[in-house]
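The chains carry the letters A, B, C and D, assigned in the order they are written, with residues numbered from 1 in each.
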Amino acid sequence: MSRSLQEAKHVLEYPYRRSVGPVLGRFFGALAEGRIEGVRTQTGHVLVPPQEYDPQTGEATGEPVAVASTGVVTAWAWVDRPRPKHPLANPFAWALVQLDGADTALLHVVDAGEMARMKTGMRVRARFRDERVGEIRDIACFEPEEAR
Amino acid sequence: MRDVAIVSFAQAPNVRCETERNEVEMLMPVVAEALAASGIARGEIGFTVSGSCDYIAGQPFAFVSGIDAVGPWPPINESHVEMDGAFALYEAWLKIQSGEVDSALVYAFGKSSMGDIAEVLTLQLDPYTVAPLWPDAVSLAALQARVALDRSRVTERAMAEVAARSRRSAKANPNAQLRGDFDVDALLAEPYLVAPLRKHDCPPVTDGAAAVVLAAGELASRSCARPAWIRGIDHRIECHSLGARDLARSASTEIAGEKAGAFTGSFDVAELHAPFTHQELILCSALRMAPSVSVNPSGGALAANAVMVTGLIRLGEAAARIHAGDARRVLAHATSGPCLQQNLVCVMEA
Amino acid sequence: MAERCAVIGVGQTKHDAKRIDVSMPGLVREAALRALADAGLGFADIDAVVIGKAPDMFEGVMMPELFLADALGCSGKPMLRVHTAGSVGGSTAIVAASLVQAGVHDRVLTVAYEKQSESNAMWALTVRIPFQQAVVAGAGGYFAPLIRAYIRRSGAPDDTGVRTALKDRTNALANPYAHLVFPGITFEQVASSPMLWDPIRYLETCPSSDGACAMVLASEKAAARAPGRPAWIHATAMKSEPTMFAGRDQVNPRAGRDCAAELYRKAGITNPRRDFDVAEIYVPFSWFEAMWMENLGFAAPNEGWKMVCEGATAMDGDMPVNCSGGVLSSNPIGASGMLRFAEAALQVRGQAGEHQIDGARRALGHAYGGGSQFFSMWVVASERP
Amino acid sequence: MTEIVKSITTPIRLEYVYRPGRATSRFLRGLAEGRILGQRCPVTGKVYVPPRGASPTHGVPTEEEVEVRDTGTVTTFCIVRIPSEGLSIPPPFVAAHILLDGADIPFFALIHECPFDQVRMGMRVKAVWVSKEELAPTFESIRYFKPLDEPDAPFESYREHL
């Protein structure tokens, strides 16, 4: 039985254009201005990132709520060798960040230089990009808030 | 409820990269073996259902050619879920429960080697605020492991012990991919892959295929000397956002376990679909596993992880323990989604 | 032994080329919340959710049920995701029905959707794969040769397809949710529209839509408490055959004939043209109406076109087909099959509005997919089975 | 007042490695030699081109190799008149199902060297190959099919392949 032919590369590529709806549209609009907004659920929880619905019940959420660009790391994982698609090219941490004023945590990255600086419960501050377009990557990363 | 049992199970050898055979060629012998073991003729099967995923193969409608492996002619009663084959088995169980059919063939296939599976799985995430950052599956599992380490009794040593035990158990599984004896201290001396996960905490990249035959009542008794009777089966999903759920526990597994009757009586064997070491510990806790239970004697997902097939293999491996007379009551579990978002629990008895 | 199951709530979105105003969760919620409102229920009343859609590459989200779980109030509940190509909307509803028929749940929400504007359907359907032959020009290029074969076999007049297109486009004017709306459309406009994949003309072709459809299915006990009239499910059936094999009849596939035969046997249908008051059939290219009339046993082989030409399938004909405007008027691919099932249910509930067939008691919902190889169908009626 | 963002662009690029498997490899190697190789279903005896290693009706491996001719009959076709992504030639052109002599299932190919409106069901055609030097294990080794100077095949001879 002859063997299989040589392998070939297959690239699946498309620049998806996503309509985001009113709630995320406002969140992304605020990010473009360098601010972070969540949304309040009917039970009073503040979701960041905001959603059109309460993740626990499916009920529609209410009014937007401004939250701080500082918060607490509730979980983190250290990446020594970033992948090409990762937001940072230098070693960094993935983190769940609960912003001050929010009841849920946002997944993003922390630029802490080295793993030894990472700790659950540490305070971080968002670093915004200079050129913002209204998307999640307008937050370049979070960084340790060491001044406090 | 009708009495329904898994009456046969077959799987392809799990390998790092199947270079010679396409998915249909991998599936054909597996389907033939499962059917032959059940004694139910191809044309007598009441319902056929499969689980697979287009993004694993990198093309739309990847499942379509899969049905060629069962030779669906004359036309058959057939369905497909874009999920792990374990959930296809659930659909088959429903079909039999509705009384429409008495038997079902369930199969699953996936060649994870075709793409960068950790990155492909990124596309499962919220496409607006999470996926654009491209967190890969290992990174997300590492976040979950951190929460488990911080907030529960999970330790890095316990995780390494899961890895060592799984790969030691896999030595007795001819279809496993990663097997052998590993020293826990040596494993802990290895560098982190994505801290707190080391390489041994993660599953291998695997190509695989599996098939299961289900039958009801007397047909099951005729098809198998020791049918694995499904006494309870249930699955639950929880909210998607990692920042809005408690990653240290598996709430959906707890509910599914309760509904499936996992908390009444003991088990000889449990096959848990835990691709990462800490997930086995979280699942054991959610399912209140007694220390006496033999967990993943097949080696589990840490020994072979053909995405879309692994869950169905857990059901098949657990049932096979009953078929072989090695166990009387078993539990099987399958998962889907990032960080154990969706979980299925099945209790089977001899 | 199966439990009885009924449709107690139906909802769909306004279908459009680009629903730029909503996110994917917003789209599915628009349909789901309408179905729940129709059933007088909220998410908290739902036991399980079954979701269906066509290839994930349309939206670039792998297994999107995972991120849509929260939007559909699924936390802590079972959720299943079905994908059977173009027939998926129908098979999704059938899986949802089996949850009730198996006696597992009392109230199941089922949703199907496609947000095709996130990418480009032609791109997603013709992804070039190494070592395989290039696909020529999407679904139209695939189905046009089969239509030509049908014309040759049946001797159907050339304007058969034009007539169906004109009928469905006229019916769509009475459907507020329809995507393509051409007020005052004429035979000449359809007949003179450009040939895309000869023999298929532009106005004989389905659009590419954003849209969703949802239904609430209930057990007999739960249906008794529903505020509206239920549509009772009398039978469901699914059949599949290989895409290609030697001697395959692709014009009148056996899987479709077998599926209909099984469905009719279960539902006690002996003469479909007499026994059904209305049918919603999956017709993405106009000629398929004539072809499916034969496949479904409404007409003898090679005579389906006569029903079209005689006006039998029009709103005022003896066997009205696609009163909603059908797939030719709205085509969110993953939802298109469920829309057929849901429109059939609306007819027997007397809730189809301007495109209602008066007194409709029994209706057929039909979907197909792949290379005319996957079929799903159901019979719904105003009376309990 | 915050401006509401309507949409975002999220480019997705994934790379996969494809391997053709044995059956396709044999077929493509055949094309590199200017031959069209099918496989016979051991149950029905039908010849499949291109072969995929399995009998779709019986779920069994197809192992017996059968060379078919590069001539055949157009069973049905479509005249593509709209441009779309990925087309290497401008419309209009004809995409046809061609029942190769010796095969039991139509093969998809383009038809040229004939005005598009003169292609007929039943027309006899022959493959036009790339030059000897350009032959390679790809489908592109057959450029297209062209009409043969033969009478059309009767409808009955191919009606079972529609």
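The rule we apply is simple: contacts are C-beta pairs under 8 Å (C-beta built on N, C-alpha and C of every residue); 3 or more make two chains touch, one makes a residue touch a chain.
Just so we're clear, the structure is a prediction, and the values are computed from it rather than from any experiment.
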Third chains touching both subunit D and subunit C: A, B
Per Cα centroids, the chain farthest from subunit A: D
Maximum inter-chain contact count - chain pair: B-C
Between subunit A and subunit D, centroid-to-centroid distance (C-alpha), Å: 47
Between subunit A and subunit B, centroid-to-centroid distance (C-alpha), Å: 30
Computed distance of Cα centres, subunit D from subunit B, in Å: 38
CA centroid of subunit A to CA centroid of subunit C, Å: 38
Set of subunit A residues in contact with two or more other chains: 3-5, 7-10, 12, 14, 16-20, 22, 24, 51, 55-56, 135
Junction residues of subunit D, two or more chains touched: 6-8, 10, 12, 14-22, 24, 28, 55-57
Junction residues of subunit C - those touching two or more other chains: 20, 23-24, 57, 59-60, 70, 74-75, 120, 123-124, 127, 129-131, 242-243, 245
Chain contact topology (line, ring, star, complete or other): complete
Interfacial residue positions of subunit B with respect to subunit C in the complex: 1-2, 48, 53-55, 59-61, 63-65, 67-68, 71-83, 87, 90-91, 94-95, 97-100, 120-121, 123-128, 131, 234-241, 251-252, 255, 336-338, 341-342
Subunit D to subunit A touching residues, read off their complex: 2-22, 24-26, 28-29, 137
Partner subunit D, residues of subunit B touching it in the complex: 19-22, 24-25, 28, 31-32, 42, 55, 57-58, 65, 68-73, 113-116, 119-120, 123, 127-128, 131-132
Of all residues in subunit A, those that touch subunit D in their complex: 1-5, 7-20, 22, 24-26, 28-30, 32-33, 35, 37, 134-135
Residues on subunit B engaged by subunit A in the complex (per definition of touch): 19-20, 58-59, 119, 122, 127-130, 132-136, 139-140, 142-147, 150, 191-192, 194-197, 239-244, 247
